[in-house]
Amino acid sequence: MNIMDTINSMLPGFLTADGLAGIADEAAGVVFLIMCAITLIGGVIACNSERLVRAVAGLAVCFVGVAALYYYLNSPFVAMMQILIYVGAVCITIAFAIMLAAPEENKKHGPAGPLSGPLGLIAAGLATIGMIGLALKTDFIAMPKVNMGSVKLIGVELLTTYSMVFELVSIVLLIAIIGSLVIARHGRSK
Amino acid sequence: MSGPIHIRKDETFTLNVGPQHPATHGVLRVKMEMDGEYIVKAETVLGYIHRMHELMGENRTYPQVLPNLSRLDYLGAMGYTHGHVLAVERAAGIEVPERAEYVRAIMVELNRVASHLFWFGAFVMDLGGFTPLMYAIEDREYILDMLEAVTGSRLTYCYFRFGGLYNDVDDDFVNAARAFIPRMRKSLKKYDALVTGNIIFRKRLENIGPISAEMCRKYGATGPVARGAGIDFDVRKNEPYSVYPEFDFDVPVYHECDSLARYKVRMDEMEQSLRIIEQGLDKLPEGPIMPKKKPKLIKPPKGDYYQAVETARGSFGIRIVSDGTKNAYRFKLRSPTYSNMSLFDEACEGMMIMDALAMMGSLDLVIPEIDR
Amino acid sequence: MGAYFSEIFLGLWSLLIGLGITFKEFFKPVVTVPYPFKTIKMSDRYRGHIELVEDESGEPKCIACMMCQRACPSGCISITTKTEKYEVEVDGEMKTKKRKILIGWDLNFTTCSLCGQCVESCNKDAINFSKEYNLASFNKEDFHFDLLNRLKERNS
Amino acid sequence: MSMLNLHNSLTTYLVLAAILFGMGVYGLVTRRTLVGMLIASELILVASSINIMAFNRFTAPDPTIGQIFSLFIMAIAAAEAAIGLSITIAVYRNYKSVDTEDLVDLNG
Amino acid sequence: MDLTIFNAVIAVVIAIAFAAANAAYLVLAERRGAGRIQRRPGPNVNLFGILQPPCDGIKLMTKQLMIPGGADKALFMVAPVLAMAPAIMSFVTIPFSDTIVAHSMNIGVLMIFAFASFGGMAILLAGWGSRNKYGVMAAVRAVSQNISYEVPMLITVITVVMMTGSMDLREISLSQSGGIWNWNIFPISMKDGFMLQPMMPISFLIFFICSLAETNRAPFDLGEAESELVAGFHTEYGSMGFGLFFMGEYANIVIGASLITILFLGGWDCPLGLYPGVWWFLLKIYLLIFSFIWIRWTFPRTTIYGLLNLSWKILIPISLFNLLLTAGLLKVF
């Protein structure tokens, strides 16, 4: 991860002005490739970095890339929410956890299970290859769109069709906040 | 996992506040054992600008030590030289003309106001507000200009002499001092509205940094620190010296024991000092400023002498053991801030670092005076 | 509940008062002196570094009695003299007498604490304070003043 | 298909999501600390989210549904991170470590 | 809007130039303002100190970039960029007038908040990356502050968005056009029929306080509490690393002021509804920035718990109540 990546990761927000309409297709394609690279680089840092703080930084980069992908998938709203929630909340929460609970970053780990690394690689590789194969082989049938999926429609759907889910998710969030407060507060008398 | 938390060694970390730190106002180091934002244990490390004033006092003649005394506390230098001249005069039996005594009292009180003003500004700056410092300095400059016109220097005056003064005050000074009093009263009102009433300021000081009367007695804290803890002790009233019995003034005492109480004591003290200056200017007698006969060489008779004065920071004591020669045999300075600072270690345990540093500000530290 | 709202209200009010004060100050004239462009005149009693006083003939009044050197707490004054024999007529006959001649009056200003004890101890009023305060240098040596030289330069 | 037209094809997104998923699985298996595992699981969640969004864009008739579901995933991820954080801290308080090797009280 | 990539780049460059120029000259404005409040002139050499910002910039740029031993070098270098870049990016969607906007988005409000959330990450990485205890403590403080003030801020924004029915900053601003009585800050508006929002002045106050807190300005500058934590998260930063943090802070201030102007003060609308235009917008944001400066040089710093109490015990309940009330009133009228 370097400075240019961070700057680049900011770019698509305005380069793809009205969705993808106004901009030359090539430019959009180039930016898309850059974004894919950023996502993957971020992911690699996130799952492979020795230092956990760097892993979180990589995760943030990855999320920015994913937000760009969402932009390309015609949903800027979800892209912005992705940045707002993942970078602004989840990554910061994890970084907090690291600061509060992992003082010795460079602690030498004892000998891992000798096969853990290769096994992980094999498991992950198999899953990935399987899914990629599926994705390449299957012929997905596109259905005609019934609407444009605007922000307004999302809101309407959330409060009508999915109101039950919406409420449940709210309750889950509430319980999560209260629960985490209870767990984390436990044992601190001040 | 319930119950009180047991802080283990590996959960805490050490934070060095100082020797170079904006909150310590000098080269003071406080080694803090921190648990997050909370202080588990604090250890004050002194001596970074120790200059052996006491030993100098034993090696130099009495007049030669005089300039050293103003280097103890560069903000309230008059009070410290006052202590020295009073001690030597008592030891050597030198009479002081009345006019000199009055001028001394006026000078010390002016200097006290200047010192408190600077403390006020620095304290608010410790809390993050920068502007009151500038206003305070503006008023302080007025005092310093007056003092400079009389004594010739702005900070380390060396103005008192054994038996009197270095030179006399003139009408300009008296007029300026008279003009200063209403001006300062107006400024005090401004500070009250700008700072004392401010909700953020009050929230930061109310019930923060408790220093109880017992703790003050245990560590020998004096001055505004003790008076903020409800101890009604002021050397000017309790062990009167110079012409202080002639003046009518109150000793502000607050019983809240928190940082705000110490703040209020100092703000009220400025008002009381203004009263003293007012009365001193009214009563200022004509006459000489040096005694007619003054010993050429000061050799106090054999003995042990102690003189305490109330400086801006508390009770400053000076002990001179004389063996009859022109040098002191033992020269001991009891500096108030040293005692006031020594209770910091105990008082700040369990506090948050912000509050602890606010409390440190409320102690009114002048580091050279601690280290001597 | 009432206390909750009254605290918010009073707190806001106190903040507004503070803002009002600083706003008033905003329009008052500045009180500082823009230093390098303007300087202030020092008061008559200002104690700068010491300098020698000359008599009517332009010679230093100092008689090298060493009182100031002894009085100085910091030992920053060093006076060098030489003894000179001279003849004087006393009661009609010539006698050889010795006298001290001042050949150097050095002030080490780096250690001077400006206490004024030297000026006070001088019986001949041969030294007083200068009004100089613009003293700055990168070299320590620049503060070793040769006061005799300074006197000469001032006179010339 | 040209390289520059990849963003208009469903397969690109699916492949990308698969790789991210693989990274997440790899991280989950090899990471030795709780926080590291949390990070890896976030990657897995994001991969599934990309899948949903991709199908939503290219095949689903109503493109709102996918967006709504990815919003739900975000909410769940936030909840998960909060809970994970507090559990990590609680574990750290108890064991003075967040290394999974040290958390072996139930090993028998 | 027919936006070619060339136009987009030009617009973005202009936005960035505006942000950078503002960041540079607001430092001067701040110092001059502070000077006047404290009865001193401030930087005043060569025509009111007009060359001060370039000189500061040159000084910062020519200084050596020191990386403390034991620091995480990558994070240390990335953090300042992460603080500066998103702040400048947010300018892209801010409408300065009806026509002057780099790129109008239909979710502009959301975009600004999304980019603002990078700030917390930057502070966290800066504090942790520089391996300084003061830095870490300040970073933790600043981030908890940022997170807790984002909540009332977003709730307040939602009330405004609810009233307007759009998240497009340009539309929000346009909906208030026609004079001072139509602005969102006033409790009663007559723009389309009778509308009553009795809590709007309080909302404005809440939003104002929150934007002070979000930009880490005094009295909420706990992240860089210089009398306690030396310089907070940028204790170890010198040269342009520090410069970027500094510019980012001022860029954030401009964004905060613009957001307040657009959401509550009618954007580029003239108070009398006569000649709306970019000058009104600029006048409003600079007045707001002046009040930011004015507040900074008047008040002492709050404590961390006082700060969190203010957010959770006062601002959030009031803004939630405001949200409910506005929703109810919108339904009634």
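Observations, loosely collected:
So that you can tell them apart, the chains are marked A, B, C, D and E in the order they are listed, and the count of residues begins at 1 in each.
Note that in this section a contact is a pair of C-beta atoms (placed from the backbone, for glycine too) under 8 Å apart; a residue touches a chain by one contact, two chains touch by 3 or more.
All of these numbers come straight from a predicted model, not from anything done at the bench.
Counted as hops between touching chains, the shortest connection from subunit A to subunit C is 2.
Each chain gets a centre from its C-alpha atoms; the one nearest the centre of all protein C-alpha atoms is E. Among the other chains, the CA centroid farthest from that of subunit E is the one of C. In terms of C-beta pairs in contact, A-E outnumbers the other of B-C and A-E. Separating the centre of subunit B from that of subunit D, both taken as means of CA atoms, is a distance of 62 Å.
Work out the mean CA point of subunit C and of subunit D, and you get 75 Å between them. If you average the CA atoms of subunit D and of subunit E, the two centres end up 32 Å from each other. Centre-to-centre separation of subunit A and subunit D, using mean CA positions: 7 Å.
Residue positions of subunit B touching 2 or more other chains, listed in rising order: 1, 10, 131, 135, 138, 194-195, 198, 200. Annotation for subunit E: residues 37-40, 297-299 touch two or more other chains.
The multi-chain contact residues of subunit C, meaning those touching 2 or more other chains, are 15, 18, 21-22, 25, 31.
Within the complex formed with subunit C, the residues of subunit B that make contact are 60, 63-68, 71, 131, 135, 138, 145, 148-153, 156, 158, 161, 166-167, 190, 193-195, 197-200.
Taken in their complex, subunit E has these residues touching subunit C: 33, 35-41, 44, 294-295, 297-299, 314. Those residues of subunit C whose C-beta lies close enough to touch subunit B in the complex are 10-12, 14-15, 17-18, 21-22, 25, 31, 43-47, 71-73, 113-117, 120, 129.
Of all residues in subunit C, only 8, 15, 18-19, 21-23, 25-26, 28-32, 34 touch subunit E in the complex they form.
Note for the complex: subunit A touches subunit D at residues 25-26, 28-30, 32-33, 36, 39-40, 43-44, 46-48, 52, 55-56, 59, 62-63, 66, 69-70, 72-75, 77-78, 81-82, 85-86, 89-90, 93-94, 96-98, 100-102, 107, 109-110, 112, 116-117, 119-121, 123-125, 127-128, 131-132, 134-136, 140-149, 153-154, 157-158, 162, 165, 169, 172-173, 175-177, 179-184, 186-187.
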